[in-house]
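Shared chain: subunit A. Partners: subunit B in the first complex, subunit C in the second.
So, the complex of A and B:
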């Protein structure tokens, strides 16, 4: 060691023991470390982290801001002291790993409190460096009152401002999960909240019609949402006062930057660890990088999407923990455990609305080269006669040629995590839509419909694949309103409240008698509340010789655009 | 003035609005229609419907399991 500035060489307690160094101490880092120690109690495992906290519930931060989680300590799963006591792992908080020497097999670490440099030799190194919020390089981003929400410290500062009554108006930049959750929590604290999103809708990974459903819901709850809008700068002197977009200026005492996160890869990249196409560290199914004895887990590492078999990046706690366990087994007991891939399964609560997604969106499936068929089906989470049931809308996406299930999204006030988990399981085992349709799922009125929402959605999709019915999605309909003959098949009262612009009303029971009011040659779309009445009318019109007819997928209940 | 009670619990499609539409057609001006519903979309629907038809929504109450409304036929 020629560099004299290193005062300390960390040797641990037993010089002969295998030395494991983990960089990063939130979900994946602590999981890996703990699992290694459980597999091999003789190994000396240390965790090095810049942060003051380890093993904290990053996903809980928005709820701490909102006061749903009352105290800071509830967020922290384990303190470093507890962690050491329980696991025998040494944790160095406020220590920054600065450089890896892959030949010497050690890590140069700076003690952020004392500025002292330390060297940690390793036999095996685990990179769990996580991800950092991306803050666009705009003017004013360093003003006071501008925050990202990633660490406990971020949340503490925001909560303090809110508790002190210093925030009347807030702007959230970015409509992903964290942004939406923070928006909800700030709103619940009585703060006026505006949200600015660059793309066409909030919830970027979701398909547009599903995301717009959630967006309308958030607007009704009182969040002002501006989409297709770019934040240009933040203005104020010292403290932020307003947000300037390409369309307007919005006053704000607090600005939350939540446009996304980027994997922390610099320390790895410097020593030639391979970075994948997604920009995160490439690992194989054993969590090994291209450099021997160096592993990567959690948000800094890349995954494989099980549907496409291609690299993907899902910075999520659920995936991070699984990667940690796999790495832990492989390092601790020289096993060959694998994580073949993930589906990006996720779920979020927005006020009383729940939204979940697994696998590919329709957009991503098409991008990946699949020819798809989709269904958009409103149903209930319980029997419709059981008090307290709620509607959920399922969007199901399958490969038109093989009928393999590619992805799904479920949104509504009801239970969405059960159906999304059913579908995630089905996709994992390569199910076709016909398999999904025939699943034997638990049923009693308080829990499900006799034909559960997932099965109904699969049945509708099967009807479409077999040519029993043709559908048109809400977006396609909205874009072609003026070209189509639109028939609302609901009762007169429902029609009066609001229908698709330009639609005429013929209740499905009258369709035989009144079919002559329609132009047989014109492309016709049948609309009802959920889809069933339109389907009945569809069958009748087919009998009468109508050929070019479709029903509106998801009915009025899933139609997220303007009504008249 | 008569009071008409409608139990529309469990009705979805066609929904409670169709029942109320029928009931108000048959009712006299000044009659009150009480309705119980489980369809969650009803709260928004009944407000819009009363606005369109000119009937008066005297009361609207939502619990976790049920929505009740009182409508005055004009």
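So, the complex of A and C:
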């Protein structure tokens, strides 16, 4: 069957109007299209999408599976009909863009319902092709009951299985945000959930001690987490029955593959659109590709990391919307709006625990060549006397030489999105840690401590940078337990309930009197709940001539105790 | 009785140690003292305070009255004994500093229990004398049942009256934060509460439309609010019975005077410490006064407003702590730490409504000589499909010429402290509104919209600055109702339920077809719920040649409808 015979030309309503074609109709595509039309109401804008839905809430899918979001319609921000009515943009759902003819400036599109081919001429073309879940090439990946979670259709099918009681045991492969959110939501539906992660800990973008804090929490909530474990195959006949890893076999009626996504770049690559080092489409700060009149936005396009100034790829809805607005202004009114870069700011809710991150992790900062200093500081999210306050732990990462803030992670049951957004804003303006310390943030007991968690963390880090105090990270301490003299500076009661293996107990108030119980020559680590008592003991021991002393960063709560 | 005969010299434990005297023992005083001692453990630090308590949670007092904070001990961060044990600092409670001898470098102190006089020599003196509620000189102000809310003792007495059932009706005089918080907490205890405010609206630092939003909310919750009303006298014999204003008499068993605080500067003024234009003690960025070795911190000291660069006075616990740390570092280790200024960032919870502010209000910005543009933009605090999302309204104030962000106010049932802290951080770094639009903030449905409220507000303001759209404020609209052609662009159902007086209804989808119902020559205002439909209609009417059109800033929810 020759394509040509079926090709129809899409003319639109006005042959003379500027013609804009957008490939992709989720966040970035619809945002770009709508903004162009608002800037230039005479333009004819069409959206082409393979999907049955447009403008849906991709980030809401795990919550639909869990029933937190009850109705399918809540996921779909706009139907194509409503979208047309409000914006005047024609949407072609179940239409696949199969080829771009860059010389002729048109796109060949296949109607997936009729198999008919159509030609869409363009003056400007916007690639908003998104990203697709990567499914590793393992045996059994096509069995029934194996899903990714990317589209509304995925979520509908999974929810249906769960609603029908067809799922008793589920395995989630991959410990990133979507995998963890789905694990939580399945668990809340009464399903036994195991999660398998290839690397050392869940939440791969986070540093180990923060990720382990979240991991222990997830385990306590009842998710079985297996890290450093590789899925080899999925077994079953027709329907999946179990997951085989390099260490065990796990029964499963449902398997969620969630090991990451890859940008959809094929249609772009074929015509010579430049692909960046991250594997996504390279764009400049105006969202232009290397080919004139072709733009790329959203999950298919590459970004610049504002801290390193280097290419990075963060497929996120928040960034997609910003790229869409910039492209829309530039195309719709020949503006020169820019998006200089992003920080990869993210947040996730895991049961009652929240974890957020912005900028570089300690690991990434070192990889990028920075000499770093870090602080890991527990604090409350609200005044300690106001009911309902919760603990959060802030990790700050700064450049030791310039004191510039490079990144942060905040984890805990308390509010984490506020401090991470504050720090993300500060990093955007090249803040130093001393700047963070002096921020004038909103304080009232129901909202914050008088010294907010960010300010406290910055103060601790300043103390480290100026040599007032030395710290040791919880992972480093755990790895060197046998070599160190560890002093638990809390009261005896707390000590008796539980402490770091090998620690002796000298409450900070008694440290002057009892310092002779310690070996002055030995490398000593002071620990307490939050770090404050250890800091007070540190000052006293310094005064008494102790030289090789450190305090445990993050206090007892950040220490990765073994689960029983 | 001659003072001299009773004077004792306080020598401390070590005559050779550097002697530090701190006058005042709440937030700034204790923070400074503790930081000095940590920096220089050999220093002898004493705190002198009139109060019976130190280091108490002043901002928690309204919540103690309401029983949200149950126990008195939760209000007191540290007892003097605990404080001494942990820090090594001697605290003299119920001791009043009566005179500073700057030449001899000592302070004359009266023991309020024994009436004995004591002399405290100092090498460095820190004034942390705080502020005192201003009570206007009206008749009856000394009646029983009339209180300010500043100290733990005040709160204890009020709580006791409430607990004993002695209060049926209360009047709060003053619509600032403390007054409103006390009003809420009394109301929650089942007491009938009226609030009297001298100016046009409660929340004096806020702009009128934002303040009125909060005011209507408080009224709906059952607080009787009387604005533009002056309290003339309090009436009763021994116990207060009613409040007489210039418009009415209000029965009351309890009167809370909360019309503001004044810095305690007398002891400083007497020896020639410079008082700033705000009436508080002038300090440089190191917290030094004009007199060598005398510092001032906390509510008695003046600040610099980071936006105007001019003196300002914001008596707040968060600022007090920062000033204390800076002074502590500079005194304790001869550092040169600085606090360049503050933004007056504040937040208050009023029942389920939250209101926050940073930087300049529109009114203050104009007063400071800025030509301003503003946006008033409703948005949700979380994804609209995630259960529990709430509306907030963001007001942004920017310099029309430079686009620099000057201030912001956020009000609503949703999260307001996060956006205000983001904007406060941005203002600290001289952000332009275009910078706000591009911030990479944390997004996940339980925490934010994909386009966060701050980004949406910045986009609307950018649209106004670039001339894409013109707006009219809700107060201005209300004042000009009869002159304007008002078009409600919502659907007919919403229009029927209620609209702006005089508005006609043309849903934005029908505006092309029905534009001829409008008078093209007349100044036209488009209104809708949030502003989006009005914006779409605006674009279409512009296309049709309408010139004098505006949209209602903040949408219907920000319009100050009359209460029935």
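Throughout what follows, the second predicted complex is superposed on the first by the 558 of 564 C-alpha atoms of A that agree within 3 Å, B and C clash if a C-alpha of one lies under 4 Å from a C-alpha of the other, contacts with A are read in each partner's own complex, and residues count from 1 in each chain.
What we mean here is this: a contact is a pair of C-beta atoms (placed from the backbone, for glycine too) under 8 Å apart; a residue touches a chain by one contact, two chains touch by 3 or more.
Keep in mind that what you see is a predicted model, and the values were worked out from it rather than measured.
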{"item": "Touched partner set for A:387, first subunit B, second subunit C, both or neither", "value": "both"}
{"item": "Chain touching more of subunit A, residue-wise (subunit B, subunit C)", "value": "C"}
{"item": "Partner chain in contact with A:369 - subunit B first, subunit C second, else both or neither", "value": "neither"}
{"item": "Partner chain(s) touched by A:41 [first = subunit B, second = subunit C, both, neither]", "value": "second"}
{"item": "Subunit B versus subunit C as contact partner of A:165, first or second or both or neither", "value": "neither"}
{"item": "Which of subunit B and subunit C A:137 touches, first, second, both or neither", "value": "neither"}
{"item": "First (subunit B), second (subunit C), both or neither touched by A:467", "value": "neither"}
{"item": "Subunit B versus subunit C as contact partner of A:322, first or second or both or neither", "value": "second"}
{"item": "First, second, both or neither for A:545, with subunit B first and subunit C second", "value": "neither"}
{"item": "Contacts of A:413 with subunit B and subunit C, given as first, second, both or neither", "value": "first"}
{"item": "Interface residues of subunit A shared between complexes with subunit B and subunit C", "value": "385, 387"}
{"item": "Touching residues (chain side subunit C, partner subunit A) in the complex", "value": "27, 38-39, 41, 57, 59-60, 63, 68-69, 74-75, 85-87, 177, 306, 316-322, 325, 338-340, 342-349, 354, 356, 358, 383, 385-387, 415, 417-418, 420-422, 424-426, 428-429, 431, 435, 437-448, 450-452, 455, 459, 468, 508-509, 535-536, 539-540, 543"}
{"item": "Residues of subunit A defined as touching subunit B within the complex", "value": "384-385, 387-391, 413, 490-494, 496-498, 528-530, 532-533, 557"}
{"item": "Residues of subunit B touching subunit A in the complex", "value": "9-10, 12-15, 17-18, 20-21, 38, 40-41, 45, 48-49, 52-53, 64-66"}
